[in-house]
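What follows are several structures.
Look for chain A in each of the two complexes below; its partner is chain B in the first and chain C in the second.
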Partner chain A sequence: MDASFISNLILASVRMATPLIFLSLAELYSQRAGLVHIGLEGLAAIGSLSGFMVSLITGSPLLGVAAGAAVGILVNMIYAYATVNLCAEQIVYGMAVNIFAPALAAFIYRVYFGAGSELVQVGLMTTLSGLLGITSDNFLVRLLLDQTPMVYLAYGLVIFTAVYFNKTRSGLNFKAVGEYPKAAATLGINVVGVKYAASVICGALAGIGGAYLTTCYSTTYTDGNVAGRGFIALAAVIFGRWSAGGVLLACLFFGFCDALQIRLQVGSYGIPYQFFQMIPYIATVAVLAVIGAKKAGPKGVGKPYLREER
Partner chain B sequence: MKKFLALLLTLALALSLAACGGGNSGGGSTGTGDAAPSGGDSSNAGGDSGGKTYKVAMICDSSISDGGWGMACYNAMMDAAEKYGWETAVSDSIAQSAYYDNIVSFCDLGYDLIYAPGNQYTDAILQAAEEYPDIAFALLNGGADTPDKAANKNVTSLLPDSQQVGWIAGILAGLMTETGKVAFIGGMEIDTTKGKYAGFVESAEYIGQQEGKTVEALDIVYSGDFSASDKGIEFAKAMMDQGADVFFGDASAVDSGARQAIDEANAASGSVKVYDIAQPGDFLGQNECIIGSQVTDNSGLVGLCMEAVEAGTFGGETIYGTMQNGVLSVGKLSDLVPSEVQDKYNSYIDQVMDGTFMQ
Partner chain C sequence: MEEFLRMEHVSKRFGDFYANKDINLTVNKGEVLTLLGENGAGKSTLMNVLIGLYQPTEGSIYLNGQKVRIDSPAQAVKLGIGMVHQHFMLVEAMTVFENIILGDRNARGVFIDREARKKEILELSARYGLDVELDKPITEIAVGAQQRVEILKALYRGAELLILDEPSAALTDIEVEGLFKIMRKLTEEGKSVIFISHKMREVLHISDRITILRAGEVVTTLKREETDGQALANLMIGRELTPSQYEKAEQAGDPVIELRGVDFQKTSKHNGLNGVSLTVGRGEIVGIAGVDGNGQSQLAQVVTGVLTPDAGSVDMKGSRVAQFTPNGFILENVSHIPEDRNKMGLIGEMSVKDNIVLKSTGTPEFSSGGGFILKKKAIRGYALKMQEKYDIRCASIEQEARNLSGGNQQKVILARELENNPDLLVAVHPTRGLDIGATRFIHDTMIEARDRGCGVLLVSADFDEILEVSDRIIVMFEGQVMGVYPGKNPPIEEISLAMAGK
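After this line comes the complex of A and B, so read on.
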């Protein structure tokens, strides 16, 4: 294991962690408003297709990302209306989004491109080093500059979220809705409004997370390309103890484990590949054992808010 | 009122699912015409035979728009259906847990032939074949002994010679590698993938010996699924870091991801020094790095099944696909392959054809 192996491993970890960061932040905002959302996989899938198609049609990956966010919001309004206004079971509607949205994405792709069509490829977003015209094999240059603007946005959003939830009145009000909405309402906080705002943010970030895959990572769209990231993001929020910094570390950890198992498979020298594929799961169990089961999440998460209920 | 709205919303979602082809773990289905399972749809490819319109349905765990395996197998079915005038249906991107359900749904809808392109469907096919004795099941890349395991003798294995598939790619890889390291990316650990890898390795190493250079293959890696193109990107980057300069794969969309990474690496270096060999269709031109393809004429194999169904003689056999009977062939070569290398390649392929390769 030489320096090149380690530096490439770190670069791969950053690549693989970025979509997870968007999705985990989406879940964090939703849960902080008391809405547990297991439908991130579906939101990301439709965001991925929207980003791909708009990027292909307009030639602008940035517009693709915007489209992913917009469609993510739109689809998430179904979930928001059902769970906030109708007080429906959040898990059930999250699962419905998970089934509905990828199927819708597959349907749209098939209608637009046709079945069995040639592989369609789009150009990816230019990296900062590309914009600046810098080419270097230096590890730090590659780590800090050879990234798309979406990577900087992801890390910027983590900082913003940490400050927002802990240092601003609005953020504390937001968290209050997720902790004890009735008490928040007595303080004049618009609980329903906050829950809708959370759903808009959640939909946008999940859509961006999906769009990242087809505008910054892979030049193609295939059904199932989200590949379970929505569920990993759910776990990352729990790992991260519902804090922005914790979520970031959890995403980097998951990204690192996945990158590690791929790199170790390549240099396995006879060791069964299943051993390496187990690494992310073993690591998950190990971390869970270390951080314990102490509940740190919002107290009101998953519970419907009925203003008239006593 | 709220309960009514909730019910209405649920109904709308359910109807959307039915319309959009979900219900199978994100799977989609395509075509036009009759209804099909999980919203899968069918296309009326044309006429009938003797007053009966025959119908074939395909299930696939990868997308039929993946630019690789799924797409080639789907197009093979469509070509055969067009030739024989069959109706078609497909359900793709289905999860392993939904294989059986999708097959049975097509059986219930009266499809005459179920076409499953992959060894991984064997258990689901055998179970359904036992429950639906009047329906024909064609298993592409099925085991040679699979038809014998079907009590009703209604299963046929279509078995392209995986060793020859590996040879076709391995010969080109052995000739083109400059670093002496070639790489193979698998989707799942199934017999046909292992067979292709074995053929790829032995032929590449043999060609290396013939050409006076050392050629070794990196250990096979498995992405674990056929949809994760990002895994292909990461595997290819890691393998290029190990020195690999010619790639072959059996992982559908994962292969597309690998080609993207190879193209990016070539662009960064300013010249095309890392290559990919595609399969099972002729994909030359899809990516700059593709220097050739191993082509499998699955439509011919599916067509044989259709003929047998119409004649009432289907089942209980294994139909092999080889270079000798025309099922396997070599795709067009890229200009990146020098003419003298093309000549050598063609002479080695001739040896495969006449059975003298590696003798």
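After this line comes the complex of A and C, so read on.
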């Protein structure tokens, strides 16, 4: 184990954590408005395909990300309408998104590219250092500059979210909706409006998280490329105690596990690689077993809000 | 006096059911108008119409002579109508300060200007004597303080009319006094108050005028001077109600349950028991008096097998209890009317019918093979019989129990707990939140059970209730028994002092 192994590991952790950060923030906004969303996996899958196709067609990964966000919002409106207006069970509709969206993505991919085995490849987003024309092997330079704009966006969003929920009036009202919607309503807060806003944010961020995988991380789209990140994000929100800072740390931890397993796979012989692949998921289960017991999330999560309920 | 609010011919219909029908009422500036009525008389529905949670089916509302449409809670707030709900609308995960400024539309800017807001709130609280600690989380302040937060919340939004929905239900006597002081201060400042209650003493004490509702309609409106408690009670329930006077049992039978030096988390002042010894005999009602949260709840859970004491002994009908399990106590024929009927007494999502037989599904009467296959017909027949016997008012016995009014929910529990002639009945706050009619029914049923030879342990924070039905009175304070007093001609002074720990 040498210095370059460790610095590469750290760099990879940051890269791996980025899609998780988008997905976890998506979950955080949704849950803060009382909507537990287990369908992030599906939203990310469709976002991933949209990002891939648009960046392939237009040649612009940024447009791909925007498309991922737009499609994420669109699909999430189904979930929002069902759970907010029709007061349907959130878990059931989250699951429905998980079944429906990846299948739709796979279907569109087949229709558009045919069932051939030829792998279509797309160019990735340029890193900041690439844009600036800097090439250096210095670790700090690589950590701080050799990243795609999406990484900066992710960390920016974490800061924004922390400030929003802790310092702003609007953030306080938002949280009240997730805690006690009826109380929020009697204070004149538009509960349905906040829930929809949360769903738009959630859809967009989950779509971006998915699109990140095909615009910044891998040059191809494959079915199942989200690989459980939607569920790990769910765990990260619980692990992070429903706060932006906590979620960031949780994502870095899970990103680290992911990076570690890839390094170990490459660097070891004799042990089946599947064992290493399990690391992020085992870490998730272990963390939830320890932390998840003490539930401290928004009180109104999972419950529908009916105004004229008797 | 100047009129502030007028409701004309207001009706609210749910399906075919009129929760409010043709309501007319006025509230003047600087007065306390009481809405009096039994549970289900339509008081809460009417108030929900007023604060914009419900839309009236018909009728109009005037404020300061202007016709208004209140189509959302936000609109009600804007018009100066504030309500303190019976179940507080406070976000527990937030602080007092955050709860007060939530949803504030007057504040400008993106960020919360804590200093400026706090100054405004403190000015208000000083003006009306609403003493609160702004930086404490809601979970850490007492119920009385939570109520003051609710009132502050309304005033902070510029409420001119304050609706208080059964504000005294959860308060101690001292806290109620404090509340009345605040209400007087409000009316002195020209604000109006709608007070909802069915505690006669309080209604006669604080009201200027009293509007009586029955079955969704206004019966009449009276000035306080023109009426008395008995007249109001009769108007409210629509028939003559003679004052209750129960014979006190002077001699108790063999002990049903005997506690000796029972400890449970004894260092906890509010949730523990410290060396509690007491006996409940057959055919007597032992009333546990005391301010809520002095270990009564734990006592009730020990004698029903929910909690296992840390030390001491419990004898059930002469034999030592070795294992504390609820089922063991049920098999010993102990019945329990728990303190929270929604959380512990009923399964809200299940039907009235199923709740009635919940404890006896294993008996041959209701199932074959010891609970293997339910005899649906027998259960239905039995539930119908119980519905009639206990006067459970519901649309159908298939209705979900959570949709019943509090009184009827309690009757479902009574039907389940009393039909098997228990040896010991543990009743915790059995009439909390219930109206006169339902309260009377429950007291009558308890007395009947006693006369059949059942031992009754009654825990209540309502001192009047304890005095009315108890044959012996035990006062608890900070987990300890302060004294045992006779139920006949009880020394009220002495008991009150004991309740305060003196």
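Basically, the second predicted complex is superposed on the first by the 282 of 310 C-alpha atoms of A that agree within 3 Å, B and C clash if a C-alpha of one lies under 4 Å from a C-alpha of the other, contacts with A are read in each partner's own complex, and residues count from 1 in each chain.
The rule is short, and it goes like this: a residue touches a chain if its C-beta (ideal position, glycine included) is under 8 Å from a C-beta of that chain, and two chains touch if they have at least 3 such contacts.
Given the structure is predicted, the values throughout are model-derived calculations rather than measurements.
For the composite obtained by superposing both complexes on chain A, the positions of chain B and chain C are free of clash and fit together. In the superposition on chain A, A:T58 contacts neither chain B nor chain C. With both structures placed on the common chain, the touch criterion links A:S136 to neither chain B nor chain C. Between chain B and chain C, B contacts the larger number of chain A residues. Contacts of A:N173 after superposition: chain C is touched, whereas chain B is not reached.
Using C-alpha centres, the superposed arrangement gives chain A a vertex angle toward chain B and chain C of 130 degrees, stated as a multiple of 10. When the shared chain is aligned, chain C comes close enough to touch A:K182, but chain B does not. Once the two complexes are overlaid on the shared chain, A:P298 sits against chain C while remaining clear of chain B.
Contact with chain B, but none with chain C, is seen for A:F113 once the two complexes are overlaid on the shared chain.
In the superposition on chain A, contact is made by A:Q277 with chain B only, not with chain C.
Closest CA pair between chain B and chain C after superposition: 14 Å apart. In the superposition on chain A, none of the residues of chain A is touched both by chain B in one structure and by chain C in the other.
Chain C contributes residues 14, 51, 53-55, 72-75, 77-78, 83, 85, 89-94, 98, 101-105, 107, 109-112, 153, 157, 403 to its touches with chain A in the complex. For chain A in complex with chain B, the touching residues are 4-5, 8, 12, 15-16, 45, 78, 81-82, 85-88, 96, 99-100, 102-104, 106-107, 109-110, 113, 115-121, 135, 213, 217-220, 222-225, 227, 259, 262-263, 265-270, 273, 277. Contact residues of chain B toward chain A in the complex are 2, 5-6, 9-10, 13, 16-17, 19-23, 26-28, 30-31, 39, 62-68, 71, 74-75, 78, 90, 92-93, 189, 218-222, 224-225, 227-231, 233-235, 237-239, 241-242, 253, 256-257, 260, 268, 286.
Those residues of chain A lying in contact with chain C across their complex are 167-170, 172-173, 175-176, 179-180, 182-190, 298-299, 307-308, 310.
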